[in-house]
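Down below are the structures I want you to see.
The same subunit A turns up in both complexes below, where it pairs with subunit B and then with subunit C.
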Partner chain A sequence: MKKDILKHELVPDHVILSKSDVQKVIKELNIHLEQLPKIKPDDPVVKEIEAKPGDVLKIMRKSPTAGKFVTYRLVLE
Partner chain B sequence: MKGILKKISQINFGLMSPEDIRKMSVTKIVTPDTYDEDGYPIEAGLMDPRLGVIDPGLKCRTCGSKGGDCQGHFGSINLARPVIHVGFADTIHKTLRSTCRSCGRVLLDNNEIKNYHEKIEKMFKNEESVNNLIKEIYTVARKDKCPHCEEEQEDIKIDKPVSIVEGNYKLTPSEVRERLEKIPDEDSLILGVNPKVARPEWTILTVLPVPPVTVRPSITLETGERSEDDLTHKLVDILRINQRLKENMEAGAPQLIVEDLWELLQYHVTTYFDNEASGVPPARHRSGRPLKTLAQRLKGKEGRFRSNLSGKRVNFSARTVISPDPNLSINEVGVPEIIAKEVTVPVYVTEWNMEEIKKYIQNGPKVHPGANYVIRPDERKIRIYEETKDTVIEKLEPGFIVERHLKDGDIVLFNRQPSLHRMSMMAHEVKVLPYKTFRLNLCVCPPYNADFDGDEMNMHVFQTEESRAEAKSLMRVQEHILSPRFGGPIIGGIHDHISGAYLLTREGSIFREEEIFQMLKHAKVPLPKKTGKNWTGKQLFSLLLPDDLNVVYRAEICRKCDECLKKECKNDSYVVIEDGVLKSGVIDDKAYGAFSGKILDHIVKEYGTDRAREFLDSATKLAIAGIMKKGFTTSTNDEEIPQEARERIEELLDKAESRVERLIEAYKNDELEPLPGRSMEETLEMKIMQVLGEARDKSGEIAEIYFGMENHAVIMAVTGARGSMLNLTQIAACVGQQSVRGGRIKRGYSERTLPHFQKGELGARARGFVHSSYKQGLDPLEFFFHAMGGREGLVDTAIRTAQSGYMQRRLVNALQDLSVNPDRTVRDNRGIIIQTMYGEDGVDPAKSDYGKVVDLDRIIEEIRIKSSK
Partner chain C sequence: MQDTKRIMGVIEKKGVDFPKSLVNEIVDATKRHDLTGKELGKLLDEIKKAYERAKVEDGEAVGTVAAQSVGEPGTQMTMRTFHYAGVAELNVTLGLPRLIEIVDARKKISTPTMAIYFQEDYRTDEEFIRKIANKIGKITMKDILKDFNINYAEMNVVVELDDDKINDKRLEFDDIIKKIEKAFKRVQINKNILSFEPPTPNIRELRLLADKVRDLQISGVKNIGKVVISKEGEEWVIHTEGSNLGAVLKMKGIDRIRTTTNDIYEIERVLGIEAARNAIIKEAQSTMDEQGLTVDVRHIMLVADMMTADGSVKSIGRHGVSGEKASVLARASFEETGKHLLRASIRGEIDHLSGIIENIIIGQPIPLGTGSVGVIMKPRK
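Moving on to the complex of A and B:
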């Protein structure tokens, strides 16, 4: 009885960024890759969307202050 | 000032090996004696001069620097037999339990070992905490048979504090050490001991480091007697027993005696580290006082960390009782002259301020705008005395620094504990005043949460130009009128400011022009042209408002009528301000009160903090002038109701009581309809509570009929100045149900609250309903129930403050290094991103409209007024 966790309303949208998009984000925030927030490789969503260590996820979630909010996370090893 | 000698690039936390301790040691300490007959320290004793010097006149024999510059040098004691370090007793126990008693390997099979190794490596690489993994390993690595050498394992227990028992045999520290030595490096890593910085056997001491004398200085009493530090006392004990143990061992004394001495050595070393270890009687001084040993120096609120490193005592600060002064501006603080003469401001002498500073020095340390010290360019600090001040003035040159008294206009930091939010520390302008208390404007009581029942506050004087500039632009009181907690004013009128403004501005409040001008003078507002006519209070108040101010809101006194008549409201509670003129409505808590002032909020946001401070200062002063003109007082006469009302309330309560009886009757006859999801008992309780709650409210409503707006207690309640209508009805009509743990009172005697009742009685009186009013007085039973409810309230607040204090401490420690960068990202001290946009919307709540970026409704309403003209 496995449910699709990605469809749960409390799970925000996770998208794996392409290499060029990662560069864009890094440049925009003016940081090194390592300074991004992290996410564990055994995180259920990471496993579900088959993200690999070193990938950067774009996370779009609902926000009580801003309405919609976008953040990024680096998948750990 | 000394420069930085070396820069720290890395800190390792590990254990010291016996070799490390010996290498660090400048001398072996052998004799328990400290000084010889002439009072000179004995070589190889605990006061050996090679351990460093304190006396500034002497030179250190080890490092060659003078006393004060020499930080001291460690010595060491060779222990005759090894002993266990108390701090590691638990670690030793867990390690032994998870390793083989014969071959020393971890009690895991090769596969598991490989697995855990990989996991740990990975976590190291990700800079993750391995604590939880190590904990897991300690629970998994417990087997009856060694997977490596097939040896049967025995149960190992710890007998607090330091005895390790295997089966029934107590292991000696030497045996424990041997076992720990056998653990291979690879396995020790899995057990949480990184072989790069520590080895398990180093938790057993063979050499004891002796801290330098600078760590345990002796003090000379007035009698000339020397008194040694507690640590020195403890080290003497250790040396004595160590020597006796060594002698006995060498003389081949019986095993039993050697073991006893060994135990004793263990005891002394244990208490040397921690004199509050569980299961050990604390070592005591001759006077019976427990000794303060190493752990006691560090632990707890009075320990090194919380008392000397996280927080310190500081110079240029003052503390005294606070009292109110309505004549000060909110930005000011009244400082007693004696404090102003004690805490000083350093001023650089230049050609331009030479004359002024000479005047201060001429006044000397005892006359108020004076000076206490002069600091020459060579950093020599010279105290100014009555006798020396003339010579000091002669020698004064540009480049000197003079520490002059605090004077009017200086910026200081003012603080009240507990400092729970940033408004607990604000910058004020000094006003030097007579007497001995700090004085502050009443509007700043809410942010400090201060009152004048004996509260004390602290003041700090800035010592640099930079700090003064920063404080003036960021920390001044007027910059904190709006709180980041809810985006509204936290500084504002309270109590009589509110009642006064209401009396001034309510309908029918008319003054002669002389009266108006008197009040304006009192409020220090420039006088307008004479009109020769009478003024209304609304006209008077309008003088304080900015000329183009437009605001509309419902006042605190609004009764929330079903259909709002707006400007025609009979309570005059619809406030309309058009172009800075108060057209309708009264001024009350909602206008400029702390936490809810709409006009104040508007002025800060639209006209800036300077204008807001000006408004608040003059509005509060005007309100005080008004309340003094009208006269304002209250007593229990305000809560008087006629006999006829009393009788109606009595009747009402009787009716309620019989309804309760009927409910109980129905419950007993099983006729009660249970509420969904509730038992019969719960249903009954809920229904009774509801009936009695209604009864109290109704009785209050009866009393309220007689409470008109001429009643001062009522004015205070409805304008939001102080108290509530509930308070008044409890005084006048009925106090109502007392509760403990959220329900009616049921604890006490078996099946009843007091022996005056039947067992199982459920009636209103038997369960803590107070019929009387406070003014009538409570009967003894009511009084007792009231005390029960009151006590619960007190206990709850005491517990809540303790709990929330600890929560705050943890939160602050977790968040202290986060900061908002110019690009609005939130980062920690390593530059790692926590939020890509502060608060996700990038809004500073202190500058927001009650938390939102904009309040569209408000703006639309204002535009409507403007365009309707």
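Moving on to the complex of A and C:
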């Protein structure tokens, strides 16, 4: 039976950003790409959504302080 | 105004960017007091002012505040562990030792445990739950024997399997025989009576064989020991001693949304780093709550964020976050002073003195708060 980890209550939504969206995010936050939080390429969610090293994931968390919170993670080599 | 869409439209037109939970509160309040558009507008102005004032200022030493906020209740926590009050028979680490386990990012924790929930169709079916519990929980030969004899005269071990116990635990006789044949080379099977022979006929080998027979695992998921079934509200839940999230999530009938473990390293391996971050927050909070201490969640969230920022769960100590600081003086002032200073001098390391601790050591203003800005004089023309 499949594990279906993306549905688990502890796992937030991970979405792969397009190259243009990545540029927009970097410009808006005024940072370098490498200053983003990271995620490992063998992370179970990265494997599940088939993201490649160098991709940036948009993660939409449920936050106990803000309701919803959006953050990003760069997939490492 | 009672229409959520209209209310949210007014909020959007004001151009204020509030977090979702605040927006929800505003919508609820607008409906409760039945505010008009103009009243809502005035309310939003006031809220905007209060929100700006409540926001953390740039340069606030949030790390220090978080450390103190988590550390202070730590001094009030019990250093001894005691039995889990909820489910009897299961011993779970509580209090300060548990908090230390979490913050040290221990890969092997002292009392891993799982809470297994079931899908809607199965969760009130006690029979199904018992079957699963027997499949998951560790069952050894010892649990299904009617008779056990070490025969020193004939140099063998003779056991009799108990059919009642086998049926009680919902096991299949043939599966058991298969496992026994796989594990032992010299075994003779005569219906329920099995006799085992050691490779060499001496007393020591015989005794070892007897232990091996008794402890042979016939059923159960790897790493899981005792299993306890309990009813929580309307549904049946299984609590386990030991944890194997990967294997359990694959089983039929398991609720793949809520089934969880307290082993954070396992959550990182099976569900990913974001899940591990949420698990750190949940575990730390429940540890504090259980001791009767209230720590605002944002401090714990900061610690969890620091531990998981680089893609894997790092401990706070010298093998993790604190050991990875760029400044020599910062690392030396934390732990292993001589080692860091010696190594730095051998390598000719440069300390750029841009962090907090280094500047405190040399007596300069720190790059936080007041020190986060530099003042330059503009020469008069």
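Here is the rule we go by: the second predicted complex is superposed on the first by the 77 of 77 C-alpha atoms of A that agree within 3 Å, B and C clash if a C-alpha of one lies under 4 Å from a C-alpha of the other, contacts with A are read in each partner's own complex, and residues count from 1 in each chain.
Note that contacts are C-beta pairs under 8 Å (C-beta built on N, C-alpha and C of every residue); 3 or more make two chains touch, one makes a residue touch a chain.
Keep in mind it's a predicted model, so treat the numbers as computed, not measured.
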Partner chain in contact with A:66 - subunit B first, subunit C second, else both or neither
both
Once the shared chain is lined up, is A:52 touching subunit B (first), subunit C (second), both, or neither of them?
neither
Is A:44 contacted by the first partner subunit B, the second partner subunit C, both or neither?
second
Between subunit B (first) and subunit C (second), which does A:35 come into contact with in this model arrangement: first, second, both, or neither?
first
Now for A:10: first (subunit B), second (subunit C), both, or neither, which partner does it touch?
second
Touched partner set for A:24, first subunit B, second subunit C, both or neither:
neither
Would you check which partner chain A:76 touches, where first means subunit B only, second means subunit C only, and both and neither mean what they say?
both
For the overlaid complexes, name the partner, subunit B or subunit C, with more touching residues on subunit A.
C
Taking the two structures together, which residues of subunit A meet both subunit B and subunit C?
37-38, 63, 65-66, 69, 76
Of subunit A, residues touching subunit B in the complex:
29-31, 34-38, 63, 65-66, 69-72, 76-77
Residues of subunit B touching subunit A in their complex?
122, 125-126, 823, 825, 827, 830-837, 839-843
What residues on subunit C touch subunit A, complex-wise?
19-24, 246, 249-252, 256-258, 260, 267, 269-275, 278-279, 281-282, 297-298, 301, 308-312
Sites on subunit A touched by subunit C in the complex
1-5, 7-12, 14, 37-40, 43-46, 59, 61, 63-69, 73, 76
